[in-house]
Structure formats: structure tokens, C-alpha cells
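Chain lettering (A, B, C and D) follows the sequence in which the chains are written, and residue indices restart at 1 in each chain.
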Amino acid sequence: MNELRRGLLGRGAALLCLPVLGALPAAARAQGGKPIRIGLSIAQTGPLGAAGKSGLLALQIWRDDVNAAGGLLGRPVELVVYDDQSNAALTPGIYTKLLDVDKVDLLIAPYSTNLTAPLMPLVKQRDRLLIGNFALDANAQIRHDKYFNIQPWGSPREACAPFFMLARKLGAKSAAILAADAEYAQNIAGAARALLPEYGLQSVYDQNYPPNTVDFSSIVRTIRAKKPDVVFVASYPADSTAIMRSVSEIGIGDSVKLFGGGMVGLQYATLLESLGSMLNGVVNYHTWVPEKSMDFPGVREFVVRYQARAKQANVDPLGFYVPPFDYAIGQLLAQAVAATKSLDHAVLATYIRDNEIKTIVGGIRYAPGGEWLAPRIVYVQFQGIADKNLDQFRSPGKQVIVAPDAFKTGEVRPFSQLRQSN
Amino acid sequence: MTLLQVNALSKRFGGFAALTDVSLTVRAGERLGIIGPNGSGKTTLINCICGALTPETGSIAFDGTDVTRLAAYRRTRLGIARSFQIPRPFSSMTLVDNVAVPLEYVAHRGLAGGAGIRHEAIGLLEQMGLRESADALAGTLTQVGLRKLELARALAVRPRLLILDEVMAGLSSVEVDEMLAIVFAVSQRGVTILMIEHIMRAIMRFSQRVVCLDAGRVVADAEPAAVVADPMVQRIYLGG
Amino acid sequence: MPLELLVEAILAGVLLGGFYAAVSVGLSVAFGLIDVPHIAHPAFLVLGAFGAYLLGGYGIDPLLAGVLLTPVFFLAGLALYRFYHAVFERRGSDAGLRGLAFFFGVAFIVEVALILAFGVDQRMVEAPYIGRSIALGEMRVPIRMLVAFGVALLLTGGLAVYLSRTFTGRAIKAVAQDQTALALMGADPVRIKQWAFGIATGTCALSGALLIIIGPVEPGLGRLYIGRTFCVVVLAGLGSMPGTLTAGVILGVAESVVLTSLGASWAPAVAFGLLLLVLAVRPTGLFGR
Amino acid sequence: MGHWHRFSLGAVAVLAAAVVATQVVDNEYFFYAGYVVLQFVVLATAWNILGGYAGYVNFGSGAFFAVGAYVAVALIKAFAAPLLVQVLAAMAVTGLMGFAVGAMTLRLRGIFFSIATVAVAVICETAVMNWGFVGGARGVAVLAPPPMLFSSTTRLLFVVMTLFALLAVAVARSIQTSWIGRGLRALRDSEEAAESLGVPTLKLKLFAATTSGALMGLAGAPFPLYMNFIEPTSAFSLNYAVSALAMPIIGGTASWIGPVIGAVLLGSVQQIVTVTVSSELNVLIVGVVLVVFVVVAPQGILGLLRRLAGRGGPQ
């Protein structure tokens, strides 16, 4: 998912388009042969920097793993990484460089939709294999047959549906939608808007707020006055925090049974820790949490190793959201290359299209268009969260999966009820 | 023949009346001196005549044309030139370029520049004794050099009325004499001159007529000797 | 819009406006009074915010941290102005443009220093007044917004008194208008401006602490406040303290009311449209000289 | 005027070299990077006409650039208009923008103009984000038609941008060497003196603001085709505003060649040189370069070269 927030003047960092060394080869373990080069740009600065850094760490862990195990096709793996500074204007140039100058063997897309969209025509024209890295619907227009997204939610509509299923379960009749005026949030809110009638919900409030809004108290008051049963929020990290604070301070009213939805940031350790009990009752999307139903083979071990390295790298210390999936990107490429013994993009794409990929986030099968055949977004409800305690999020039962049913580890409880109890 | 007619001019800055009901007539070819203590409105009057300021009431006519609301640069093109009390050179440009600006914008407007303009600019600088530093940057000039440059630029617009705002302030007595000689020469060519000056010796020698301002009003308007003898002027200048 | 919502929106806007005024006070001195094109002002605010975050790690209250850091910021301001003056103002004509580029550079350097020290994550602080509210009749008001407004009153009021009642304060106001007159008073304009810039930078410690009290902060946040702070200062009329408070409040109320009404996403356009209007109609600002 | 002959000859040579490059250079990345550098040449040159010559700092270059780009998007969406029409319309709109901001604030001190451009940038960005037709905040994909004459759209756009850069430079140069340029410099040094010497300062400033604005729109108009996808955040990026200002300052603002040197140097060297530098340091380098240049080389590289050549005079 993409949390590119719009700056007052845009915030794409600076003039330079400098590649980041991040990942010059850790001189793979005494391998013979020319390394297999995997190229990508991933934000290390700008608004996407936080997610980009944790994602890159996961990829580096994968690279070290695969090299320790003898590399791919007997060749060491090397990552060629550039920093796109969260600036979409830089990605077409960077990827042309990866292709024409660095002559990388495989490509991974930059983190987020905005930065991926400008690449799609280029990748299609060159007929290259591209693994999407948390891009939402990036292939919808271009329909490139060698694009495969690691993000597990399918279309915006499929991503939103489980939330409204919960609304129906709680007997909701009316809904408010609050969305940031920015790319990801608008996509998600658009899907949510379209779903309201299907779930028998009447829209009582529907507003976009401008990026970088400082104080949400006016907005929260207005929503409260509308007495909605459901509040669907699509927001970015700083806003998510500000909204949660305003909700705690001002109150959203007893009518609200379900609150949350698409709030980016409520997956990040720093925000979880400092919001603490203000999170209770919120139902929000996620990709992976340490609940029983998400115990895919290898994922726990990965998280432990990630957390050990995250501390010294000064990146997100939990690593639940992006990192397991970025590690899975590596596994996806590795499986395809190992199985086909080829670096030919057409061969690899055919393999990925036709076979199940085994990763630490479970088995993946792809639908035409390159999204997961069986989309798997999960909605978690924060329950029994205390203040100032990061470790509580490492254990199950705090971020209870309430939807979809296949992964459920607990029942959804009305928002207002969980708010009053704390 | 009247060249400049200032009629009942008033100008206020917020609550402060800088000029009140000032009237003034300047004949063609005349050398007029304006005196008055600091803050008496001399520079404000000049700014109104040149168009840097717009008066609230009253009118200004130049050579029979009403110029009260005309933009400053248009008045310059009609033939009103001025110098500034604190010299305002185009410091990043050479002296030649400094003088070329008015030549291009007034004297030879619409004509191609080039060698002719440069030649003429150097001629003007020569008259001021600035020939040697023609290609130096204006920012490097001394105080007297800057005042001469102001004068050269003003003359480049080929003025009919030249307004000098304390061109001799801060100059040594030799330099004052030098400057006076230049100004006399300009006057000789038929240019009307309106001069503000604190240096009494200079203004008395130079002016055919002297106007004294005090607190934004005209308190005297006569021949130099008569103005000096005026008890009101004496009170203003000698205190009391 | 129901009347009570409007009233609540206006009240929230006034408090938000206080916050805007508080983060603009320093710029009002640096840019409004002594004419330094201080684009790096918001970067110093973020620096102040991280200062509060750092001290917060030792259990120090963010406001107290702001006060404790003020002398440090003040001294840094003195040094920075000394350098700025030596390099730009003394050299003359182009000080504005090159000074601008210089402060842009300084802003970038501060930003990177913060990234290297703290990473790119959003940071917050803990304090008893964050996340709580008090009831005013039917309405609940976040305490942190009240704190921001209080600090704004304190800063603008304190500076207004300082500027009009003390010798140095009056000299700072005078330096803005007439340097030669100041020299005649026997004061060195450069020293006076240096002092003023020290004050301007000093306020960033406390205003920066407000930044992290109001919401989460990351190193690049300063860029978002360039427009807002300059908007307040110009709207106010350069260098006027009552003007700064009023302009902040106008901006806050406009934003808050638009957010409450339909078309919340137009809030920035409304605020900056207001600024354009003021520039066109009354360029000296609300309280301009 | 021999200078003009030499200049036109040089311009033709540059254009020819660009066309030849598209035929012989195999590396597509060269054209992607080259396009960006040329785009900055246009932007920096445009900025310098008002900022360097007249001393009025435009802070909203990003907005002019983005409005140029979005005018193109709107025309593509509405009429599938050809590139030439997009470009002309973009220039007209951004030129008008420059004129309007100028008419409102150019009578005032320079800083008011700067602030007004910031305000205009915010308003334009908000307007685009709320304008669904051009994709709003979500952005919109713009697929380029198959390129004529060239083997790829990027190569075509590279030549187009070369042409634009030459055009912008020619405009800047002719302004600089004419009486208009002298008038602008005069008013930069002292507005009152210029006015009193017959220079219509307001008209000149408006002319410069309009020309500068139009050329910024020119830089932005092909951007949607280059990107294939455009959304407000990257189009309105602070990068453009900072670069447009930093490049002329680094190169030297007194002459048309200054912004060109600055843009080519900063724009291209950065892409190549620091392959081994970690990312935060990118921003740091910009900061340090800006600070060092304004401190050590107040007249930019141009001034540095002159000092080395031992000539003290301007241009």
C-alpha cells in the first residue's frame, strides 16, 4: 500500500537522483560465476522512506539467505538498489538505467502505486517481468502479462469488502467515509463508496480532507453530529495518528459500531506504541499479524531475524506489514528461477502464472492481471491495548483478526463498547 | 514662459502632513533653489513632481500638460530628470551601461543601440570627468564619483527640467565648486534647474530665486538675498 | 451547517490558529522585522520538535524541554546570523537571493542530520495533556490545542511587550525601518539584528515542542510549514505580533470552517486564496506599518 | 551582429547532435536522463529571466511546471490534441499565470511576489487534486501515441526538449542583450532610479514574469508523455522550485549561460557521479552544494571562471 502524502509543495526530497548503495553485493559466499543481478528502486527518503527501508531490509535478509544456501543456479545474487526519494518522476529513468546500463537480470517494482504506475508502459514495451511491491491496481490499464503483485489484496473493491461484511454483521445502517485527498486513499474510498449500497448502508458523510491537515477536531465533530453506525477512514500515517487522537479527545459518539478500514500507519511500530490505548476498538486492514491463523511456515523465524537486524538498522522494529511480503518477493523469484533454470522473462512469467509459489506468507497463485487469485486482506481489531508498550504487539490476541472468516481469530466487537471499557 | 506649475499640492503619510497646499511656478531656463530644514517636505515635493509619489490633492503641470497622475517614467520622457539624495547607481553595471539605460529608454527610444549609444554615453561621462572609469562597475565609485554619475545619467535623458536633490552633500569645498561649475554649464545650455541644497554658500551663488519650505508649507519665495533676510526664514534656520 | 457545529468549528479554528501563530512568531521576527529570508525557519521548528522528543526519552515534559532548549537555540541563532551577515549582508546587493539559497541549503542539512540521527519514522511524545480533553458545556476541547493557544499568547504577548517596552526591543523595531537613525541612537544595527535573530531562533525550541505536541513529527515535516508560516507572517503585516496572532487565527478559523463544511479538500486553497487577496488589496498586511 | 550568427550556428549544431544521438546511441537511459537535464535547462533559464535579471524570486516554479503538464493532460483527455497544441496552450496558460501574479504583486517589494507564487502553487495543486477530469489526487495514465520519425517516444521527446531548451536559451539571450535586459538589470539594482531614468519598470517586470511563466509551462508540457502517468504530488514537487532557483545561482545569474551551466552540471553530474552514496546524503549534498556555492562563489561558476580569467567586469 502506498502512503505517499502530498506535501504543501510536494515532498520529494531533493534535486539529486542518486542511487543508493544499500545493497552492493555482500560478496556472496564464495560463489563462482557472474552474479544474478536483481534491480529495484525503493524509497529510502521522503514520505515512503519508512516503509521502503523496512522492505529493503527484508530483501537484504532474503539475499543473504539465498547466497548462504548457494545462490541461484549456482550463481550469487546481487541487489542493485536505488533510492527514488518517494518521487515518481525519478522511476522511469531509474528503471531504464537498471535495464540498459546496469543490465539487471530481474526487476522488482518500487514500493507503492504512484511510483509503479509510470513504469508500466516501459515494462510492457520492453516485455519484462516485474514483481509489484505493494502497488494497488497498477496493472489495471496496461494489462501487462508479466506483472505479478506481491500485495495480497486484489482490487480495491476486494480489499474493502471484508470491512463492510463486518458492518453488516454488526447491524449497521449508516456510514461515514473520510478519505485523504491522495492517490491510495482515493482509490480505496472510491471502492468503499461503491460498496455502501450493496451492504445496505446509507451514506451520511463523505468527505476528502486535504493532505497535511493538522487538526481533525472539526471533522470528527461533524462526523459525530451525523451519528453514523460505521466510519470508514482511508488515511496516511501522520493523519491516522491525528485522527485517532481527535477521536479519543472529542469522542465520535456512541452510535459508531465500526471504525477504521484503510488507515495506513496503524501497522507501524512507532505509531502503535505511542497511540497505545487510543487504538482500542479500531478495525483496520493488515497484511500479517502474529495471530495463530497466520502461522505460515517460516514466517515466525523471519520476523525474529528481521527484528534482530531492524534495531541496528534503525527501521521499523516490528516488521509485520511490508517486510514478510518483500521477503516473499525474493522467494517468488527464487522459486521461478530454480524451477525453470532460466532467467528468460517469458519462461519465468509462464511459470509464475501456472504454479503455486510457496512463501513465508503462504502459497500464492496468480490471477490473470497479476493479482492474487484468492485475495487475502485481513482486518484486525485492536483489543485490550495498554499504553507505552511495544512488546504487547508481538503477542497474539492484541490485534485480533476479525475478517475474513478463513483467518478469523476472534469476534468483532462494537467500537463504542471497547472504547468505554478502557 | 512657465515650464513647471505646481498648484496647491498636499501629501500625507498616515497622520503626518508632509506637504500642505504647496504652489510653485518655475520659468523655463530658471535656476531655482529650494531650502528648508530636515523633514520640511523638500524631497517629498520632488518625489511628487517626478512621479515617485502621488499627491492627494493639487495638480502639477509640465510645459502646459497635466502630469499629476502620470507614471514617473513618462514624466522623464517628457523631459523631467532628477538625481537622488542618496545616490542610487546600478551598481552591478558599468558606468557606460548606467548612462546607456536612459539613452536607450528616453533619448533614443525605439532605435537600435550599439556603438552610437556607447559613444554618446562616454561623451556624457567625459563631461563629468569620469572618462577613465567608464568601464568600471558603478559599485566601485567614490561618493563624488557617484554624484557625478547621477548627474551624467540625468543629463542623458536630455532634460528640460533637471531636479537636483542635495548633489553636494558630503563633498569637500573643492568638490562643491567643481560640481557647481558643472551645473552652471548645464544651465547655460538652457536647461531649467531646480536644486535642493543645504549648503547655503552654494545655493546662494547658484539660485536666481529661492523657495523656503517649512513643515510642508512654502514660507518664502523670493530672490536669494530677500529670502535670507526674511525674518521667518531666519527663525527657522537660526532657531528660536 | 448547524449553528452549534459552526460555533465549534470556529472555536477549534481559533485554537488551531494559535498554534499557527506560535510556529510563525520566530519567522515574524527574523523575516518580518530584520528582513532575513529565513526559509530554514520550519527546519528549526522540526529540530526543536526532535529536541523535545529526545528529552522526552528522559521523562522530561515537552514544554519544559522547549524552555530548556531555548538558550541553546538562541546561541545557535546568534552564530548563524553572524555567519549570514558576514557572508551576505555585508557584501550587499544580492543578499536576498543568495541568502534565500543559503537558508534552503541550511534547511536541507538540518533535515538530513535529523534523518541520520533519528531515522525517517514519525515520532511522538507523551504528556498528560496529549490525548485528553476538557468539557466546555456540550463541547470537548483537546487540551493540547489549549496548550498551543496558551503558548501562542505567551510568545506573541511577551514579544510584543519586549519590542515596545525595552530599549533593545525598540531598537529591533527601529532597525527594521531606519538603520541610520539607529546608529545615531548609539546602537550597532548588526548587533541588534543578531540579537533579534537569536530571539527568532530561540522561539523555535518552544514552538517546535508544540509541533510534536500537536502531532507526529518526521524530519521532512518542515517543508510543509514553509508556506504556512510565511503566509501568517505576510498576512499579519511584517513583524507585528498582534498581527501574527490574528493572522494565525484567521487562517485557523478559515481552515476549520472549510473542513467542517462540504468540500473539506479545498481548505488549503481557501487559506492561500485569502493570502493572495490580502496581497492584492492590502499588501502591508492586517497590522502592517 | 556576429554574436547572433555564432549563437544560431551553435544552436543548429546542438540540435543536429541531438538528432544524430537518437540514431546512433543505443542506450535508452541516456535519453531519459538527458531529457531531465534539458528540462531543467528550460526551467532554470525561465526562472532566471525574472529571478536573475530582474531580481524577483519565483518560489512556485513547480506550480508553473505542473500547470503546464496538466494543461497538456487536459487537452489529451479532451481532444487527444497533438503535442504542438498542448505546448502552445500550456505556454499561454502559464504565461497568463505569470502575468496575473505579477500584476497583483510586482508593484510591491520582491518578497511579496515570492510569497504570492507560493500561494499560487498551493492553490493550483489543490485545484488539480480536486479536478477529477485530469485524474485528481489519484493521478492519470497518459499513453503516448507511437512516435513519429524516432524509434521511441523518449527519443522523440529528447529531441523536442532539446529544441525547447534552445528556444528558451535564445529567448533569454535576446532579452539579456537587448535594451529590455539592460532595463531589467537596472531595476534590479535600483527600481526608483530606473523609473526616474525612463524605464517603465512595471511593464518590464510584467513582461519578464509572463515570459518566464510561459517558458516554465513549456518545460512541463511534454512531462505527461515522458512519464506516461502523472499525479499531483510528483508534478508539484518541491524539487522543481528548488532546482529552478539553485541551478542559476550555482551557474551564475547575470548571463544566459549561467543557468545552462548550472542545470547541466547539477542535473547530470548528480545522476552519474554518486552511484556509491547512500540516499540521505543526496539531500545533504544539495544542501552543502547550495551553501558552499552561495558562500564561496557569489557570482556562481560564471563569476568563478571570470575571476580565474582575471577579468573583473560583468558579462
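Convention: a contact is a pair of C-beta atoms (placed from the backbone, for glycine too) under 8 Å apart; a residue touches a chain by one contact, two chains touch by 3 or more.
Since the model is a prediction, treat every value here as computed from it, not as a measurement.
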More contacting C-beta pairs: B-D or A-D? A-D
Just grab the chain with the largest centre-to-centre distance to chain B, centres being mean Cα coordinates. A
So what's the Cα centroid distance for chain A and chain C, whole Å? 35
Quick one: chain B and chain C, Cα centre-to-centre, how many Å? 45
Scan chain C for residues touching two or more other chains and write them down. 93, 108, 115, 223, 226-227, 265-266, 268
Please set out, as single numbers or ranges, the residues of chain B touching at least two other chains. 91-92
Could you say which residues in chain D touch two or more other chains, in rising order? 118, 121-122, 125-126, 129-130, 189, 238, 242, 246, 280-281, 283, 286-287
Touching chain D in the complex: which residues of chain A? 4-22, 24, 44-45, 83, 85, 87-89, 92-93, 96-97, 99-101, 114, 117-118, 120-122, 125, 141-142, 181-183, 185-187, 208, 210
Given the complex, residues on chain C that touch chain A span 2, 5, 8-9, 12-13, 15-16, 19, 108, 115, 119-126, 130-133, 140-145, 214-216, 218, 220, 223-228, 252, 255-257, 259-260, 262, 264-268
Chain D residues within the chain B interface of the complex: 178-179, 182-183, 185-186, 188-190, 192-202, 254, 312-314
So, in the complex, the side of chain C touching chain D is made of residues 31, 37, 87-88, 91, 93-94, 96-102, 104-109, 111-112, 115-116, 223, 226-227, 230-231, 234, 265-266, 268-269, 271-273, 275-276, 279-280, 283
Contact residues on chain A for chain C in the complex? 7-9, 11, 13-14, 44-47, 49-50, 53, 181, 207-210, 212-219, 221-222, 225, 237-238, 241-242, 245-246, 248-251, 265, 268, 270-271, 274, 278, 314-316, 388
